[in-house]
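One chain, chain A, links the two complexes that follow: it is found with chain B in the first and with chain C in the second.
So, the complex of A and B:
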């Protein structure tokens, strides 16, 4: 990453961190983690398992909300506020602008998720639980998911209006978590047309389940670090593909 | 002299809606800006000035025609290295402080962060923002934003300053300051491309102007050649004027005022003023002032725009 890209990332980071919207989302995430204890008390199963399961899903939703509320409208805000005029008339290229913006947003989102994860870890320890490798694997998987979601949000933001980009990011999240299950459900050969359609969807859209280690954490299965590594690589490839798309669209943009 | 900005037969058309008619914002605009000059780019609202600036800065590509910016194409980052651009009503990252924002713009212009930090203090002092250096830009007034915008345009010491309405939203002191900075930059050999509706300031700052009307160039040239330099009228102010001469002044003036022993007469034509001033002097009166009224850029501009009327084939 060159100095210009770093400067754009840093400005994006500072700008986002100081935005009140982000504060609201983070407060929501903290409330979710704290609320998980209530659900734990109501649970018939292991209380702490419930706390961990619910909170990690909350962290995934935090990544989604950040991508939808902050990431999807990010480029549109730049154009609307005309901040893009003063940035792109310098030596920075449009590709550097997109990559810098992406890096800044991911840094902010990761900071929020890691902060919430640290809070959750503390919360688990306070209530007498122990932290295992599976917990950290789940958090790492969520960070990978955010990597992809932010790239999707930026790509859709470069392609369409913020509202459409937000809905598209939300749809990508839902589809991304659903295609693997749908493919497996229809793989029994009873309905080959559906099976083919879900197979195609599974292949052409990012499968966010490949970085979802929440179930493994709560079910107590040992961590498959190799799967996590492959999942991270898979997420990075999708992120790069969406970023390349965003750059291609942004290069053609007339301001 | 070398050419810093070149526009040749520039055309730019938009289609605001998918099925609507095309809007031709620029229709074959050609001009050249030479190194070291202050060039005024004028036109009424909707004439195509901002579109031209966007094309020149690489924010837009022309539909046809050729553009050169500092010897390269505006879409090339290297060509923009020497460009300092201040857009109309500039917005910046609201949550950054001027210091942080200057560092951001400096680095984007190819400077290293340390150099920008070294320049920031002097630059903020120059635009009278030292006291606000650590406040967020969000809290700035329009005038402060405008002055900060100028600092951001100057941070990398560009050889070409492209300023879109730099005097808009400024109080008199702010306008004076910005004009002073523009004149200083000119004195340092920088080229200034100025787009403004405040024509008195353009007349004061620029050597040459182009008037754009309905996407076409209506007039172009040096200001001193475009304007009629002969006086259109005089304002004569005199004291101790004998009664008979006072009556002559009253009769010949288009506007006449008396205040005690002092009279002020507005005299039409190029000869009446000097002739009657000489008569006052010869009759023992005291000529306090004789001010010629020459054509201003503003009155010339209004005349040009009224004469041009709507351009042929205009969409408007």
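So, the complex of A and C:
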């Protein structure tokens, strides 16, 4: 990453940190983490299971909302405020601009998620729980998920209006988490009519389940770190693909 | 919009009043509606897709949604059964390690809904799921042991199936996280079946454990097992001879149990003056366990009431262990200012009239 990209990333980071929307989403995530204890009390047993499950799902939603509410409108905001002209009329290329924006957004999203994860870790310890490798694997998986979602948000932001980009990012999240379950519907010869279609969807769409380690967190099952590493690589591939697409679209854009 | 001339606050007050008045009949109607509430139980596959990867959270959500319904009255009982059976089915399908769904679900099905076979089936399903998971992961989980123990209890209480109970308890007892109570139940059943050597083997499992608490409890159970076997032989002797044996030699443990078991059992046992088989080692371990239980109870009391309980509370409470052979004879429970519990010797009883004489002398 060169100096110009770093400068754009830093500017994006500062701008996003000041965004009230970001603050609102972070407050929502923190509230969900704290509220999860109430859900634990409502349960008969497995109180910490409830805390971990709902909080980690909250962290996943935090990543989604940040991508949808902050990431998807990021490029449009730059154009609207005309700050994009300042950047592009200097020596920065469009590719550097997109990569810089992406790096800045990912940095601020990760900061929010890691902050919320640290709070959750403390919350679990306060209530007598212990942190195992599965918890850290789940958080690492969520960071990978954010990597992909932010790239999708930027790609769609370069392609369409912010509202459409937001809806598209939301859809990508749902589809990304749904294709594996859809494919499972056709396992063992069930629903043969849909088997081919679901298999194609499973292959060609980003599968966010590859980095989803939340379900294993509370069961105490061992973490397959190799699978997490491969999932991270898979997520990076998709992020690069969408980022490259965003650069290609942004290059063709007329201001 | 308020009509011209009518102040807006009057309109607001009227609207608010209307809402408050309507709340009464609406509340009644809502209660009736909830009573006849319809619960849609979705298909497991549908929930799996709609959980969008958060299967464990989806199971939690469904569980929390259904939890109040376990104790709620439904006008249509069949509907309630369908709904709760569906919830249990989906919850454990989405999260096969959801221990509460198995244990609470089985308790509800057997004790409240009186559907014992469904309770057993749910626990059997849990045991199968944990088997699959543990085989895949190459390790055991405490929740898996708990499901096995619950299943054994279900076989025992709901089916009266002694063989199945022993089978499940044997599986549970071979796991590293099996508690001494479960092992004790298995050992008890085996002693009843006169399977003494196996019973002693199971009881000896943790007698050399590195954790002193686990070790002490295991040794207590081992000594209890020896005592139970010897007392069974003593009971047989009394039934046969019409009197109690005077000593261990007269009991002829070797003849009754075989030399190997007799050697193991006789170690540290003796017959007292009343012809009862006793063990000083068992007493020592048992009293130490009683102290631990009483100190635990005292700590709970302090957490609840902010102070240590007095000795009278610990002595009087019938729930606690301070009675019978769980405490040394002629002692009572004492507790000091730090919550340390001991067995203190009883005061010698004063002869009747002593107090009166003292009072008279004082006068």
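Descriptive notes on the structure:
Following the convention adopted for this analysis, the second predicted complex is superposed on the first by the 252 of 255 C-alpha atoms of A that agree within 3 Å, B and C clash if a C-alpha of one lies under 4 Å from a C-alpha of the other, contacts with A are read in each partner's own complex, and residues count from 1 in each chain.
Everything below uses one rule, namely that a contact is a pair of C-beta atoms (placed from the backbone, for glycine too) under 8 Å apart; a residue touches a chain by one contact, two chains touch by 3 or more.
Predicted, not measured: the structure shown is a model, and the values here were computed from it.
Once the complexes are laid over each other on chain A, chain B and chain C both fit without any clash. Of the two partner chains placed by superposition, only chain B is touched by A:87; chain C is not. Applying the stated contact rule after C-alpha superposition, one finds that A:199 touches neither chain B nor chain C. Of the two partner chains placed around the shared chain by superposition, chain C is the only one that A:222 touches, whereas chain B remains out of contact. If you stand at the C-alpha centre of chain A, chain B and chain C are 150 degrees apart, rounded to the nearest 10. Contacts of A:214 after superposition on the shared chain: chain C is touched, whereas chain B is not. Number of chain A residues touched is higher for C, counting chain B against chain C. Superposing the two structures on chain A brings chain B to within 36 Å of chain C, judged by their nearest Cα atoms. Residues 45, 48-49, 51-57, 60, 63-64, 67, 95, 97-100, 103-104, 133, 137, 139, 141-143 of chain C touch chain A in their complex. Interface of chain A with chain C (complex): residues 39, 42-46, 49-50, 53-54, 56-57, 60, 173-174, 177-178, 180-182, 184-185, 208-209, 212, 214-215, 217-222. Across the interface of their complex, chain B is touched by residues 3-4, 6-8, 10-11, 14-15, 18-19, 81-83, 85-93, 254-255 of chain A.
Partner chain A is touched in their complex by these residues of chain B: 54, 57-61, 77-78, 80-81, 83, 85, 87, 89-96, 100-101, 103-105, 107-110, 112-113, 136, 149, 152, 156.
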